[in-house]
Amino acid sequence: MQEVTRDALLNKALELLKNGTVDRVLGYRVGEFSYDVTPAVFENEDALKKDFCWNSFCGANFSKYLISETAKTEKKLLVFLKPCDSYSFNQLLTEHRFDREKVYAVGVPCGGMLSGKDLREKVESVSDVSVNGDKVTVKTLFDGDLEFDFETLLSDRCKNCKSKKHVAYDELLGEDGEVLDSHRFDEVERLEQMTPDERFAFWQGELSRCIRCNACRDVCPACTCEKCVFDNPNSGVQNKAAADSFEEKMFHIIRAFHVAGRCTDCGECSRVCPQHIPLHLLNRKFIKDINSFYGDYQAGAEVGSRAPIVNYTTDDPEPSEAVERGHGNA
Amino acid sequence: MSQKNDRAKEQILKMSGVNPLKCMRCGKCSGTCPSYDEMEYHPHQFVYMVETGEIDKLMQSPSIYKCLSCFACVDRCPRGVEPAKLVEAVRLTVIRQKGMNHMTADSIPALLDDDLPQQAIVSAMRKYSK
Amino acid sequence: MQVNEYKPLIVAFCCNWCSYAGADLAGNNRLNYPADVKIIRVPCSCRVNPMFILRAFQRGADGVILCGCHPGDCHYTSGNYYTRRRMALLFSMLDYLGIEKERTRVEWVSAAEGAKFAATMNDFVETVAALGENKRLEDLRCKK
Amino acid sequence: MKRIGVFVCHCGTNIAGTVDVKAVAEAMKHEPGVVFSTDYQYMCSQAGQEMIKAAVKEHRLDGIVVCSCSPRMHEATFRKTAAAAGLNSYMVEIANIREQCSWVHKEMPIGTEKAIILAKAAVAKVSLNAPLTPGESPVTKRALVIGGGIAGIQTALDIADAGFPVDIVETKPTIGGKMAQLDKTFPTLDCAACILTPKMVDVAQNEKIRIFSYSEVTDVKGFVGNFDVTIKRKARYVNETLCTGCGACTEKCPMKKVPNEFNLGMDNRHAVYIPFAQAVPKVATIDPNHCLMLKSGKCGLCSKVCGAGAIDYKAKDEFLEERYGAIVVATGFNPISMEKFDEFAYAQSKDVITSLELERLMNAAGPTGGTLLRPSDHQHPHTIVFVQCVGSRCEACAEKGKEYCSKICCMYTAKHAMLIRDKYPDTDVYVFYIDVRTPGKNFDEFYRRAVEEYGVHYIKGMVGKVTPENGVLKVQGSDLIDNRQLHIDADLVVLAAAIEPDKSARPLATMLTASMDTNDFFTEAHPKLRPVESPTAGVFLSGTCQGPKDIPETVSQAGAAASKVIGLLCKDKLLGNPCVAHSDEMMCNGCSTCEKVCPYGAITYEDKEFRMPDRTTKVRRVAKVNEAVCQGCGACTVACMSGAMDLKGFMNKQIMAEVDAICK
């Protein structure tokens, strides 16, 4: 259940359009079904009133869109930021990826998001979904109306939400939350406790499902390269599709390495993966290791911070001892 | 060396958390110690003797009861060695081994005099409440 | 190729200023180590991209070792400090994926440490040989 | 497809003894791109090189692989050979089949097999090599020295002596630095002023040297050979060219109670002042914080008495922009503050002083005219206690002390003790020491003289507490040799305060992108082999900004820095290392990650306009590598996610090709 209503967002957008603060609005747009929400840029009042949407399926992280949208025009863009989006927002500012002057950011509290993809897998022939308090009513074509607890349908990343606090905004709707004491590393720790054989089997099982659709890369707000190394003929690792059992592993390790220290753990990669590969567990491993080797660091918490991977101290742990510590033996 | 007692040394180091190898033998601890003249072994000697493992000598010395635990040596040591914590650790080791204190709590009131510094009384409280 | 006993394939990245010179010194002093080790010269250990290491494994290497100047002695003042962080994270990740951690190593070898270079290589080859062929990360397609 | 020639060297039997060189040469004939392959006894010999040259012509080779000894031995040789044959010298790769093959393997089949693999890797790499040309940049034949103490003075004189113009920037109104404040110098006991002031005069009179006193460096741009430096000339309210240094203004100035920083606040000066008699430049400066005219507009006496008309109350800070080929940092040191050392009662008693204050108290030009009087009551002190290592070697108290040894204190304390005993034999002098460190020519002899000839009491131990009581300083300390606690009633306590780099060094290092250690001392390019160079090309280090050192060491380092500068300025053009990083603008994200890891500050960003396929233009922030500054370590190439940053000569795809060749 979202604390702030669609009308509140819409009215804010209309007000800002009217008083000239912004010229365009980046928001969510309804699709065929209410759980079928896509990001969209609204150029005027009418479009907003017609298609603007805000509900518990608005999980997509907007920050990445700012790069292309702000580059297109000099016009000022309104963006709604959930707390986790605001971390990506800051991280992109740190990397000079868009012009802050061209953006007006309105923070929106988030009560946790549901996943349309997960829902469709749980329930067949969904025709509509409505959220009332902590209950979710799912209308289906063949099985009638089903009722679920909001909690049970909550997407995995939201169950382990790291922060309800916005780290960037020009204006805030509703109340700001706190940084949470999440259990997001529990699953990583569980894997660390396994034997290498078990871990290998786990990851082989997960990664071999990869179809190299590149959805994880395309949605990731840290994967914003003008040209990805995997598309670059000079990188030596260019490949469009995984041709063998190694390449998807290579792809995912390199991708995780490239976003290490920059990944804000927004969870978009796992959200969009059509094969349900828990890609966030790779990123979280890096985050957990960085925290334990070099001190706590949250990418995007502030603009301009220097990520631990591009920094050093003279008494860092050696790679050999780091691997031991990575096992949680520290 | 017959006087080396490595087990006791390890114990003392663990209890005190002190690393005597950090000592550069400047003697500022002894220069600063208000009970210096009362002691058989002085703060700087404590550090050195713990380092060389001469714990038994220290345990038998009355010096360990002369330390006021005023922590002046801890405060002034340029290397952060903390000699008073070693004295304390040796003292505790003795108490643990014998299962008894140097003095009993009952014998104290008779020994009190008006000139006794407040700090000493507070230190004694700490010592006896351990 | 016909061999009786298993020979691992080891790729060693050596920085030009310390470790490559250390390897040369091992040669000058005729300190033997297995021919399984093949050295690639890089200007600094910080030039080694994780992609190179993964590529080596992909193409059939059984172990990859990175050698650089001792921390604090880097010819470029801070290159090996970055190496240390990058490799700590990469190796921890490989281990997390279930790849035997003994197959990867970082060793600091100065230009004066010919003996250390040879000893390190002997030890590393022995360790990797004991693990056997690298099946977990290799791409079978590329193997003959 | 390249036309590659492979040349396998026998190196006598060094290689041929364990490697079947013929087999290697034969095997390489079948590698893609190889059009010629041969072997020879000694490739590096004249005949061997001629053979390569001939082959290049005959087979129209555009890439060469030499299978021989380590590239550290003969890469340069074969590059020259290639250049002589009309090839780009970077089209050569060496397969190291001696040090890393024949010398470490015993059996011929194994050695041969490995040699073939190494040769294949070299062929794979060279087939991707591109011709490289070292970048050229002009050299501005002028040097900047930041800091006008003895280090800066000596460096400037040496550079000027070689015929190059030098500018000295000094924040104080006069050059001279700390040495000007010293009384005598160890171990010869000659007076500091007698040896320093002639050098100051030399600087003033040298046509090649300009002194910007009362000035600061506020910005540095550019790189080796061409630094653009902004110098702020603080308003001194006295026209330097008109002022004759007669001192009439000073005499008439009514503001007489300004603490005199030259005498460390132990006496007063006027609001318009000349720091000391031998100041260079000898011109007056008005202290705007105390001048009545500048503060309230009422006075103007100095202007009336100035015969030269040099006083200018309306003066403003001026900014100069100058271009230099090299910069020498000589920012020097200061004693650390003693305020936080409560146990020594420095803040409580006037008679607890630092060694530098003692220098002034003993100097003939000092506040007491050279008679040693204690500051509180101007009486002769009869018992003096020196405390060594105050704040030095202090690990536990980082907020007040320093972890390092300040190096000079042992010697100057011996000097002070000796001078006092010599001048006032009725004085008892005690020196509390932890260690006496006297490594230096005639240093230990000097210290022994203090003990043996002058009867200074050296006590192995440390002072724990100093308590001022009824005009006496009660000193409590330990005597570790005698195993005894000492109680001394002293009249004067002298603290050998640790020294620290000048506060201006940190912001300066940021401007210069020169690195510093945790103590704010500048880092040298190599601690043993390049001790006077900063890792940033064109920036050199002189004196205590690099670490504690005494005058002889400072002067020798100053000379060494000067010779490095002269070596640089002698060149008309700087040839860079062509194996530098290069950013592909089309792929650069402008994310600043590479900039953060670059140890040399070689990467900057610029907004660049790109024409898009749909004929619109797009402005993007892209990285730009300054090839004259880049040293080619490659740290940026790995930090770069998109792979836009690559290293010439060690490109991603070249190394990848080597990996592939080895693992095939």
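Residue numbering begins at 1 within each chain, and the chains themselves are lettered A, B, C and D in the order written.
Following the convention adopted for this analysis, a residue touches a chain if its C-beta (ideal position, glycine included) is under 8 Å from a C-beta of that chain, and two chains touch if they have at least 3 such contacts.
All of these numbers come straight from a predicted model, not from anything done at the bench.
Distance from per-chain Cα centroids to the pooled protein Cα centroid is smallest for D. Chain pair with the larger contact count among A-D and A-C is A-C, by C-beta pairs in contact.
Each chain gets a centre from the mean of its Cα atoms; for subunit A and subunit D, those two points are 47 Å apart.
We define each chain's centre as the mean of its Cα atoms; on that basis subunit A and subunit B are separated by 58 Å. Averaged C-alpha coordinates put the centre of subunit A at 36 Å from the centre of subunit C. Centre-to-centre, using mean CA coordinates, subunit B is 52 Å away from subunit C. Each of the following residues of subunit C touches two or more other chains: 50-51, 55, 78, 82, 86.
Counting partner chains per residue, subunit B has no residue touching two or more of them. Touching of two or more other chains is recorded for residues 597, 639, 652, 655-656 of subunit D.
The set of touching chain pairs reads A-C, A-D, B-D, C-D, using the touch definition from the header.
Per the touch definition, subunit A reaches subunit C in the complex via residues 188, 191-192, 196-204, 229, 235-237, 243-247, 249-250, 253-254, 256-257, 260, 282, 285-286, 289-290, 293-294, 308-314, 316-320, 322-323, 325-327.
The residues of subunit C lying in touch with subunit D in their complex are 9, 11, 16, 20-21, 23-24, 26-28, 30-33, 35, 38-44, 46-52, 55-56, 59-61, 75-79, 82, 86, 118, 142, 144.
Residues of subunit D that touch subunit C in their complex: 70-72, 96, 98-101, 103-106, 110-111, 113-114, 117-118, 121, 515, 523, 525-526, 535, 579, 597, 599-600, 631-635, 637-639, 647, 650, 652, 655-656, 658-660, 662-664. In the complex of the two chains, the subunit D residues touching subunit B come out as 343, 389, 393-397, 401, 432, 434-435, 460-465, 476-480, 483, 485-486. Subunit D makes touch with subunit A in their complex at residues 584, 586-593, 596-597, 605, 618, 620-621, 639, 641-644, 646, 651-653, 655-657.
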